[in-house]
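Note that subunit A is present in both complexes that follow, paired respectively with subunit B and with subunit C.
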Partner chain A sequence: MPDTHKHRRASSDLERRRLLYLLSEALEKLSRLERILERQRSFVEAEYRRSEYTNVIDTLVNALASFKGLLIQNSARIGAFLRNENPTETQLKAVYGVIRKVVDPVLKIHELLVLLPRESAEPQVFFMLADCFRKRGKLPASVILTNLLSSYEYRVEDILQSEMSQQELPDLKAALRGFKPGGSVLGLAFADRDNPLAWAILAHEYGHSIDDTRKIAHGIVQRLRSPRGTTDNKRRMQVRWVAEVFCDFVAARVLGPASLIPILFVEMARSTLAGSSGGPTHPPTPVRLRLTRKYLADLHLSTSGFEDLFEVYEFDYDQKLRALSTAEKKNKEDVRTAADGLLAPLAAKIAFEVNSLRLRRFGEDNADRARTLQEKLQAGLPASCHRESSNEEILAKLASLKDGSSTRAVYSALEELNELPAMSSEIVTAGWLYKLSSFQDRLLRTFPGRTAKLGLYGEYLERVDALLLKSLELAAVHKEINSPTG
Partner chain B sequence: MATAAAPRSYVYLSLLAGRAITALADLAEEPKVWNDQIRKGLEDGIAYCRAIGEARTSTPLANRRSGTQRSFKRLAIHDGKELSAACAASKCKEVERLLTQLLSRSREPKTSELVVAIEFLTRNASDEGSL
Partner chain C sequence: MLLSEIEIARRLVDLDESNRLTVTPILDAKEQFGPSSIDVRLGTDFRRLENINRSQVALNEGFHNEEEAYTKRVLLSADQRFYLHPGEFVLASTLEYFKLPDNLAARIEGRSSWGRLGLLVHATAGFVDPGFAGALTFELSNAGRLPIELRPGLRIGQICFFSMSRRSLIPYGAKHRAKYWGATGLQISRAHTDPEVRGRQRKPQ
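And now, the complex of A and B:
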């Protein structure tokens, strides 16, 4: 039947696109962990000359090298898949299998980095957050590098109180009873130290800091008419779910669609849905994604450039849902229905609260500027500033100057050449747009034929990181110079 | 001194499974081909299946906890897993048998068998028992 055929083709296309994102994630994590271990080795060698400590690093380096070897063994197969040379079902399954066998253990190796000396976050992460939240001077939050288990969470207490920890340590629940968390500590994965694109998620985490101070989620749930017999536990869960959507909206307001991307990559890299989002602390990610996209649409903010990833994420979630056992699937679906039932009617109220915060809004003009900045990144230039006037406007003004033009007129024409610092949200959005539009081509170059050149993808990532870090730094300095006290 | 017990870390098992998938994919593309990479990949696959099988026969951690600590919900989840574990154990044996036959080159594989084996090896080792 033609409809079935069409459906099958669309599904295999989505499967292919899903694999592309997963492959990019595998190479990215490998490359980033290698970079961290290189720095660790330099540190250890400088600090303790004859230490056996380097053996630990060697073990991890060798493990990463084995997984690189696995990808290299499959170079021709992966290359053929990338060139879309009509792969058979077995080839597709093998490519998926090999990539999974790289991503899963590499993520486990990432967790072992908690045993090595801790690096500090890059200063640019604070420039970005301060700019997004209009905080001059010290940001009232710390950023620490940590493992994946506790990264992308607002506070370590959240991890301790999460179901996952309680399953492993049943006595923890009793120990944490009545515990009042305090302080703002945003967790960033070790691997994302130099990766400003992943920092977009920190805008969400900073939203928790705002919510904590103002008790907004609590207030929204308090005003709800709950049926009799609603337990304290259920109330707490509702507050947490509302808080998550509140923070998603905060991040979307200051960063636009890019705020959603890191979490989608984190989830797509996981092999199953078991133990992932959707539980007492977080509503399922597809619910959050849908509500945030609607919020962005209400702000008249286009998500073009990101739609492909949204579509592939939803496909990935659906595939993982199908792979669950009947009981697990029903559990996930029940949680999703409950989250939808609670959050969809509250979305307008949450949006109202976020819009009343007087946050700097990421608008369509910022999205346009981000598209222009994307071109700079493409040309290998930092994307730290933009000119308000077009070349044509400047040329017209310069052409209008005559021998007798007043000094004022000359300066007025020259002023048009002034560049304004880009906003951090524009830089991060430009970075994502560039990455999403260029990674496939880089994958093709990395797997040209019989032998993969994995270093090429690492160099590409390093270049993008360096350009974005430099852009954020330059924009912060530029802003400081332009400020009245600068 | 070499020991008989292979290390069973998750990272190591993933590597074994990955190499076995590679060998099976090579055979799927060219059934007549034979080289060291394929032989080693099949051996790694057998080692993987044995490690997984052994892990399944050991007592799961959850069963060692006291009864009062297990909620009905968790009990249901684990009982479900034990049921499906029985199916997975027989699949593990099946895949090990296929890999052994391929290693001894006693027969040519069918594509459908290779697909089943690749799918089995792709599954997350952490779902395969307490490793």
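And now, the complex of A and C:
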């Protein structure tokens, strides 16, 4: 087979896989927004029966319905794409077009939720962060639900500032002059309130609160020998870039490869690279991805189960880079070269700083346990704990009991049934492994032929959310009871 | 036939999945297993009725929304407390998640130590169908005269299991309307979805 033909086939395979992830993201955002609006309607209708406030919700619900309609209209095309292993370039383009027509406006609708009453974050998010960062009692950070533009911030002032500037409100910093800055407030997208898989990103944000307190990135950059004439702006950018990689490593250390996944989905959902990562505040995501994967490899942690997504993400970035104008492309490439030039030599120092924090490390044994927990999710059960003995071993011990066996022997056999709590990082990893291995099958069921059953995908997501929320809750209570003071 | 502790234990690790019973997590088998039952624990979520704006429980079209809005949801962390006051009625759930095979039914009851303090764990619905999967909802009330301090993880109930003479052909999950299947936390009433209730809604008497 000629090389160009092989290349085209590989590229078409990658494009197909990219569309699968994008389609899942489109359905996920639609379904999650619908769920939020449904909750809002329940409250509004019960509280203010004659209120016209529901009109706001109706407008958003109708908009979502029109995008669902678009998917349903194209269900034959999408279904054919899902079943066809070797689709043509034209088919892929057509499906990509449909998905983009849904994802782009739906992400904009998400931003409008800032106009509705704000829900609070689920308590399980605190269980997860407290467990990952070994904090007992009150966590020194809170979580606020916000829009995508302000999410992934870690200071309440930044979140408010971002929301206010979107609404052209007065300068917050001026209004708050003289007040002490608040603590860390991690921003989480509205849509991810019930989605523990997306919470993996909060481990990165929590890393910022560590960096903010200890000024680690600042210290690393300060020790750099900079060429004469380095401006303050450039210094600030370097500190921010180092801080991002520091936080990526913090998240990877406590959560493993799952810590990277939410940001890849966020980036893939965007239509272009313009305005995306790779600027004064963030180094380009491919650089962060490469450095973090290297860090994970140095920790002897495999990324199996996640490799496909990493590969597709890089392809997606490449495609978007190609779509830029020559000047924009050059700019992105220059930023990437500069980020690589700064960060690659510093990666070992950053890793040293992170390793010195004595954070709980996610190791290969945790990854193995996550793989076992994934089977529980597959069986429709919460994945909060595991037993040390196998069912066969326990059965053998139970079978050895006879009438008249001593109480001690009976208890000894029964105690084999005791379960040990899973770590939150294992639960989140199990969740991602389960989702990445099951979503394609769910897409096929959602688009079985000429019609689409979009509700099925929503039910699937709701079930995964519920099982993961329950798992985090169970593990937290389990640990509390097992603790010496429990 | 009521299962003994060893029969329950065997069912928990049965190699045949169609016979396997799931009760998870089991934190302390020595404390939890009784001669013919397993103690079950209080979960973290509660719903208390907020009655100041309600004149009655009306199973009308807005019932579900009203239940959502007029029950205050409280989700505790593992070390927080919940005070159940005399005469108060709240919904809560088991910490445990259950999955019953098609040939096993169950019954949830209170534990006498808590009953003596006035704690009732269900109002009237303690039976669990074969094929059920999910956390069980407690209908907690305090029949005593002093508030009772509760916290997640307390063993306030016990569950026993009955082996059936043959497998059910319509286990709970396959039932025509399995209203509470797969719940991972407490479930508010879905009485308004019962056909006889919906019928009344259409034809007011």
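Annotations for the structure displayed:
Here is the rule we use: the second predicted complex is superposed on the first by the 427 of 486 C-alpha atoms of A that agree within 3 Å, B and C clash if a C-alpha of one lies under 4 Å from a C-alpha of the other, contacts with A are read in each partner's own complex, and residues count from 1 in each chain.
The rule we apply is simple: contacts are C-beta pairs under 8 Å (C-beta built on N, C-alpha and C of every residue); 3 or more make two chains touch, one makes a residue touch a chain.
None of these values were measured; they are calculated from a predicted model.
Touch criterion not met for A:T451: it reaches neither subunit B nor subunit C. Of the two partner chains placed around the shared chain by superposition, neither subunit B nor subunit C is touched by A:S437.
Of the two partner chains placed around the shared chain by superposition, subunit B is the only one that A:T90 touches, whereas subunit C remains out of contact. Touch criterion not met for A:S11: it reaches neither subunit B nor subunit C.
After overlaying the two complexes on the shared chain, residue contacts for A:R77 are found with subunit B alone; subunit C is out of touch. Put simply, more of the residues of subunit A are touched by C, taking subunit B and subunit C as the two choices.
Judged by the touch definition given at the top, the superposed model places A:E419 against subunit C, while subunit B stays out of reach. Subunit A makes touch with subunit B in their complex at residues 63, 66-67, 70, 73-74, 77, 88-91, 93-94, 96-98, 100-102, 104-105, 108-109, 167, 170, 271-272, 274, 325, 327-328. Subunit A contributes residues 39, 41-43, 45-47, 49, 122-123, 126-127, 380-382, 384-385, 391-392, 394-395, 398, 401, 410-411, 413-419, 421, 463, 466-467, 469-470, 473-474, 476-482, 486 to its touches with subunit C in the complex. Looking at the complex, you find that subunit B touches subunit A at residues 10-11, 14-15, 17-19, 21-22, 24-25, 28-29, 37, 65, 69, 74, 76-77, 80-81, 84, 111, 114-115, 118-119, 121-122, 124-125, 127. Contact residues on subunit C toward subunit A in their complex (touch as defined above): 5-6, 9-10, 12-15, 22, 24-30, 33, 41, 43-44, 62, 64-66, 68-70, 75-79, 95, 97, 99, 133, 135, 152-153, 182, 184-185.
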